[in-house]
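Notes follow once the structure below has been shown.
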Amino acid sequence: MRCDVAGMDKLHEECGLFGLLMPESVKAAWFTSVGLIALQHRGQESAGIAWEQDGKIAFHKGLGLAGEVFTPDVLCGIEDSRLAIGHVRYSTTGSNNTLNSQPLITLHSKLSFALAHNGNITNAAELHQSLEESGTVFSTTNDSEVINMCIIRQMLKTDSVEAAVLKAAQTIQGAFSLLIMTGDKLIALRDPTGFHPLCMGRLNGGVVFASETCALDAVGADFERYIEPGEMVVADSNMKVTSYPATVPAKRGLCVFELIYFARPDSIIDGESVYHARQRMGRFLAKQRPVDADIVCPVPDSGMEAAQGYAQESGIPLGTAFVKNRYIGRSFIAPSQLAREQAVNIKLNPLRASVAGRRVVLVDDSIVRGTTCARIIRALRKAGAKEVHMRISSPPFLYPCFFGTDIDSSENLIAHNHSVEEIRQMIDADTLEYLSIENLEKVKSLETTQFCNGCFSGVYPVDTGHTHLKEAFEDK
Amino acid sequence: MRCDVAGMDKLHEECGLFGLLMPESVKAAWFTSVGLIALQHRGQESAGIAWEQDGKIAFHKGLGLAGEVFTPDVLCGIEDSRLAIGHVRYSTTGSNNTLNSQPLITLHSKLSFALAHNGNITNAAELHQSLEESGTVFSTTNDSEVINMCIIRQMLKTDSVEAAVLKAAQTIQGAFSLLIMTGDKLIALRDPTGFHPLCMGRLNGGVVFASETCALDAVGADFERYIEPGEMVVADSNMKVTSYPATVPAKRGLCVFELIYFARPDSIIDGESVYHARQRMGRFLAKQRPVDADIVCPVPDSGMEAAQGYAQESGIPLGTAFVKNRYIGRSFIAPSQLAREQAVNIKLNPLRASVAGRRVVLVDDSIVRGTTCARIIRALRKAGAKEVHMRISSPPFLYPCFFGTDIDSSENLIAHNHSVEEIRQMIDADTLEYLSIENLEKVKSLETTQFCNGCFSGVYPVDTGHTHLKEAFEDK
Amino acid sequence: MRCDVAGMDKLHEECGLFGLLMPESVKAAWFTSVGLIALQHRGQESAGIAWEQDGKIAFHKGLGLAGEVFTPDVLCGIEDSRLAIGHVRYSTTGSNNTLNSQPLITLHSKLSFALAHNGNITNAAELHQSLEESGTVFSTTNDSEVINMCIIRQMLKTDSVEAAVLKAAQTIQGAFSLLIMTGDKLIALRDPTGFHPLCMGRLNGGVVFASETCALDAVGADFERYIEPGEMVVADSNMKVTSYPATVPAKRGLCVFELIYFARPDSIIDGESVYHARQRMGRFLAKQRPVDADIVCPVPDSGMEAAQGYAQESGIPLGTAFVKNRYIGRSFIAPSQLAREQAVNIKLNPLRASVAGRRVVLVDDSIVRGTTCARIIRALRKAGAKEVHMRISSPPFLYPCFFGTDIDSSENLIAHNHSVEEIRQMIDADTLEYLSIENLEKVKSLETTQFCNGCFSGVYPVDTGHTHLKEAFEDK
Amino acid sequence: MRCDVAGMDKLHEECGLFGLLMPESVKAAWFTSVGLIALQHRGQESAGIAWEQDGKIAFHKGLGLAGEVFTPDVLCGIEDSRLAIGHVRYSTTGSNNTLNSQPLITLHSKLSFALAHNGNITNAAELHQSLEESGTVFSTTNDSEVINMCIIRQMLKTDSVEAAVLKAAQTIQGAFSLLIMTGDKLIALRDPTGFHPLCMGRLNGGVVFASETCALDAVGADFERYIEPGEMVVADSNMKVTSYPATVPAKRGLCVFELIYFARPDSIIDGESVYHARQRMGRFLAKQRPVDADIVCPVPDSGMEAAQGYAQESGIPLGTAFVKNRYIGRSFIAPSQLAREQAVNIKLNPLRASVAGRRVVLVDDSIVRGTTCARIIRALRKAGAKEVHMRISSPPFLYPCFFGTDIDSSENLIAHNHSVEEIRQMIDADTLEYLSIENLEKVKSLETTQFCNGCFSGVYPVDTGHTHLKEAFEDK
């Protein structure tokens, strides 16, 4: 019986990006590894860094956490450099191999470059077929490689990298925050909708790009600005930074799940503080359906900020319902003789002294399949909790995502198949309340912020192509 | 520049113990590994398990976390058994090798056994010399081995394991919670003072012993009782459990640092809930020196429960001041080009959105050298905190420990060399308050509880031998 | 001071090939690994196997010996299959990485296949450039990849694999013995000159191809015939074997170094017994320049068969001059404090009891740089040899090879820069005799056999392209 | 089906010893590893080196070949030193673990030392029991540890290491060539019978001891003399060398199997050249039973020197019957689908071109079980040999060895259960001839040489204790 420690029934982001270009040679790979460690929550299955070495592109990639792939030994063996980009990745099980790790390197006489991608290309299958038919052979099964190949095709017609990347970007559809490095340039680019975040900072005269601001903090860079949807920013070896703004107007749509769960609470995304947004979700939950209770507790670690907001709004004291064991390795497998219900206690032990005889409000960010949620509530009751009121800081998860979030098939989504009351019974909560879509919209603090909430509403900011697209790329 | 991730300026416990004897063969090593993972906070440097195999003692030990030493592969390769004991260990750097890992195995024609020890023997040097002079050759540099050798010496005079262990226990002094397994018996024993915890549970008709109750929870065992100071409990292959109570009265003295920091908050130690004790410490701190502030924040993860108590007593809302990166491996080393002050941000990033412009009460369990504390406060101020009020849920740490806690030398202890006001200035806090010894005594909930608070008061429940003893065993 | 154990101043072949197609699923990867171990002398730096799995191509490759890459664990994890090909490779240091290991896998919607290549493509640079310019992106720096890409280009115009491979073969020039597997076919092909060997055998109703017959022996296959120069042989899933003979007449030219050194003595190559050819080389040497001596000794292991021939022709008894230590790992490095001259003794210890006071004829296959030869003779003299008469079973090595043999640059070739008499003095032999080119031609036993002896004569059977070609591919 | 590559039905020696004491610090561990690689044929299962570091004893041991345990990385990490000893070991499967690897280290306040042992103690069980009963606890299951413990017991009564070692040597019986190092002395000692070899050399003013002279050659040391049976030689830190000759006269008995098979042909043992001894065995065989044949071939590699002697005496030319594949790793396992008879071909391929149609004299050193011999002859016949005449350069192996050679149980010894004619039929040889015991005695070149040939004659130079002794130590 595998005790899923990395995920435990959560949605998964696909990627984190980090890159820097410095005026002089520094431990660029080391800085990048620090940035990737700060972005590790965005992908734990593989990590890779490409760096400039004598004008060429060197790289190191591997399966595992950034700190496992980039050990001190590995980092010590990498020469100083001015330029590097890095990537952490989540992938579906079948194709989780080093070959598919990013950055994806392309060596070609017209242009050698490395590319790191966060998102999902919705017309990848069409592009793949068209490129193959005209002679391209793909070297990975990672669909991000179509972007590399589109760029090469454009390079055959021009000598300008910038032109080639912009042209290529017009042929691809879907969600793409990109970092691209050539032998002497660092390019950041975001799709017109702006699904996934990308920001820019300054460090000792150099330029830093990262998926989230927490990675700027980690390396000590000063935040400068966000890359705008549809914008391309190019830094060259003279440290000149050039912006190529979006040319065609497009509907914006920041993935709202970045605020709900993906991003780190200490990140600011397109001007929105993740910490405050989550606290506001908790406050709205407290207002949506008040309840008499003795203690408000988060499910560790995902419910913490919403629980704080709930406690502040309701006046009910914040407490601890579960102690999380942080020493369980990802490969932990519980012996089958251990009762199944018991397994959860190894990772999350209910704190009997805190919950026994009390009415508990339990706050978490989402329910996917419901099984873990049911087990957690059973464990709380066994530990003596008198009532358990479940509060979820997002709406029910009903629709697929085509833009980079790995979601379960619809038959596994509990909310796709059951009413809220049915779910309440299935997880055995005394009450259950999801944050409403209306209140979710209100958590934004800026007029200009627009969300993609397609997974809750079924309404997406762009055409998603045919609905079977996702299946077509299952092997990505 | 090494970024000390495992410790970050904390005191270290030396050991965690787990053992079980079942009526029939089970995955005993697997259960024991689960118990050790639950006790991992008590020692992260080596892990070992001994188990019965065909009436003989087999074992596997290694450096690293229990989950690293006992991988699924290793555990799958271990035959089912009725009997096993395990040990996790913290050790000083010099002698951190597999040879010194526990359980310590002794194979002798009179008695083969494995022994796991939590604590420190204060007369180990004298016993070592005396045993060597009469022909014993030691096979490790681990001073716990003197216990094994004392037991063998007693076995030469008797055929009763119980008699030999009791006799040996009378010759050793200091702190010792012990688990001993022979080919068919499991023995638990605690020194007369009761420095370190040891409890007993029941699982499917079997007997389980563990340092803390959280390990009973992890394997699904039902708590039965604590081993009393000076008591020996023997479980035999017929599942008969026999108690040999203490024969000589002794002053009790549970290590108070178990409640302050060592033990997991979900453990109950000799009847005291660690969670409630820590919340009471926070409440006393709020009463000792009230302060006007906007937010109470723990230093993650050690200050959480005291911060909750402080918030509840003071009415100031509980918030988050730092986001901890849980993906930093223990071998992480920051590049020297990264500003030293910056390094702390990689592990603990101040949550600017939460603290900027606010008066923060920051709660932690202790200050050892003060350097980390100073860095944390600087980081908070840089993130915009208007005031920082430091609250420590233990008294100043002034004296050495002879009973199993690894402490810095006195020149490194900031409180040994500076007044509280000097420390406040050194860490640049607006105010600084330690929990008083008087209030620390009051956190107990039972009449019968008696603490050893020697590290704060210099008064120990037993004679510590000559004061240079600790140095004499530095190589242990 | 590295003690070069793998090579010790020898020429290096680049590859060994093995493949099989069986009527039913067998441990195809295991058979292939046995074949590769038998061909290991042809390349020790990387090994790889591709096999059919559910109609798709799976593979495993790695650096090191076949037995190191294909451990029992790895082989046990590979499912049974009907079809597999394998490759062992020698490569120059710079680009010795797993990516460049063969078989080279190409996954394309028109054709997925694996290819193993022995030889060198002389027009690879031109093909590479032309393919890149029309949109192909290469995924390795291995110049064999141009063959894969040429095949895909042809596949875009046809649905017949056989047609595509034949067409592609017409566009490439140089030396190429190839094995190609698709999901259900196994194809063997040899360049029109027939530089490198390729043979076919039968095993339990299946078809086996291998570089040398010794690999057929290893798996218990019965030898059937040699693939003819310019011929393509295709085995399909119905076990039908179809031959596509050469269509254009070409000059034949079997690499004579296959007989002198590369091939195993128990192999038969295009009808020539390597064992007998080498014995004949020794006999010719004895006739070319007779000498009075007490004992004939081979340099282990390369001079054994020629020494036997020399002893039989001359009547001088065969003895042992050196004992070779077979336990020196390839990573062995002698401490610098060990006298340089001494280092050779660790690997080859002169047998003082055998050579002291005697006149020794020492037989080896070739001299490349001369340094090892000089050291060996010095060691013999130090061990008491009265005279040392060096005999080399090949002509002086004077010219580059463009067809798959890795040779030193000309400034390192002792014969390129010195007369035979100068060499004799440099290695301090009493006499030195190389086999003449005329006698080398006579070692063949068949009328039809024609050699490429370009490295001795400078005359090659085909146009080698411009002379700087080799340099152009230095990074291959 | 495991293809036993290390042994292939051979007897096994248990150990090789090497040690050196230099006037100044050198790469002592590196020199020792070179010595061990030269002695690797004496034991391939574990290797260990102990060296002096700051007056203390450091060590590194591991399973595998010396070159695998002492990689360049490991050796680079070892500080220079004046003093080191090393050991390579063969052991029976059950107890092949690092713990039991030698040198065995003893750390005691009276004396810390490392000991390396070649041989077998015949009264180990009695000593073990007596030591345990008086308080000693053993830390390994290696019976050589009784020597360490006897030395410590003697050290409790004296301050002289020399006296303690001599006293201890008087209490132990059997075969023991020993090297012992303290913090500043190097001691070599040989049992009174002189079963196993031990010699002394000089290197740059330092002293070197080794099991065989080939190890002196490997490090460039000059041979000085043999350690005499019963003699102890002590080198101290002033490079003073003191001899303590045997005090009690004893019958000598050099293990004759050292000359037949164990020792390297380039070693001289107690004045006897192993090379010449083996050639004489071959000459005697040719005289014992002449036969008409076309070619004399050794079984590689063990029969080479005897085959040379046979060829010289008989005038029949020496040839190659089998090509040995030197790339088969020790973990090689043939797939079960490969015909069992075929497996031998992977390692030893019959050279059809050499033997087809010819009458072959096949020479090997011994027959243990006969299965490999039968397989080899079958392979030769399958390759076309017209006649096969088997010649064995030792008498039939009939009795157990108590002195350090690992032998099969008697039911597995073909000669123990069958007449020579029966064996001939079982292995399907045309004729079979063993060297007679009388001729074996004549291979010695010195008057003073006396052999132990107990395994052939059943007559041993010393009392072997009770006959079941060997069984009693099976777990060693």
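We just call them A, B, C and D in the order they show up, numbering each chain from 1.
Simple rule for what comes next: a contact is a pair of C-beta atoms (placed from the backbone, for glycine too) under 8 Å apart; a residue touches a chain by one contact, two chains touch by 3 or more.
Because the structure is a prediction, the values reported are computed rather than measured.
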Measuring from the mean C-alpha position of chain A to the mean C-alpha position of chain D, what distance in angstrom results?
62
Provide the C-alpha centroid distance between chain A and chain B, rounded to the nearest whole angstrom.
37
Take the average of all CA coordinates in chain A, do the same for chain C, and state the distance between these two points in whole angstrom.
51
Draw the chains as points, connect those that touch, then say whether the picture is a line, ring, star, complete or other.
ring
Output every touching chain pair, sorted by label.
A-B, A-C, B-D, C-D
Which residues of chain D touch chain C once you look at their complex with the stated criterion?
26-27, 30-31, 34, 37-38, 40-41, 44, 65-68, 71-72, 75, 214, 217-220, 264-266, 268, 273, 275-276, 301, 304-305, 308, 311-312, 317-320, 323, 325-329, 331-339, 342, 345-346, 349-354
Note: in the complex, chain C contacts chain A through residues 106-110, 129, 131-139, 141, 148-149, 152-153, 156
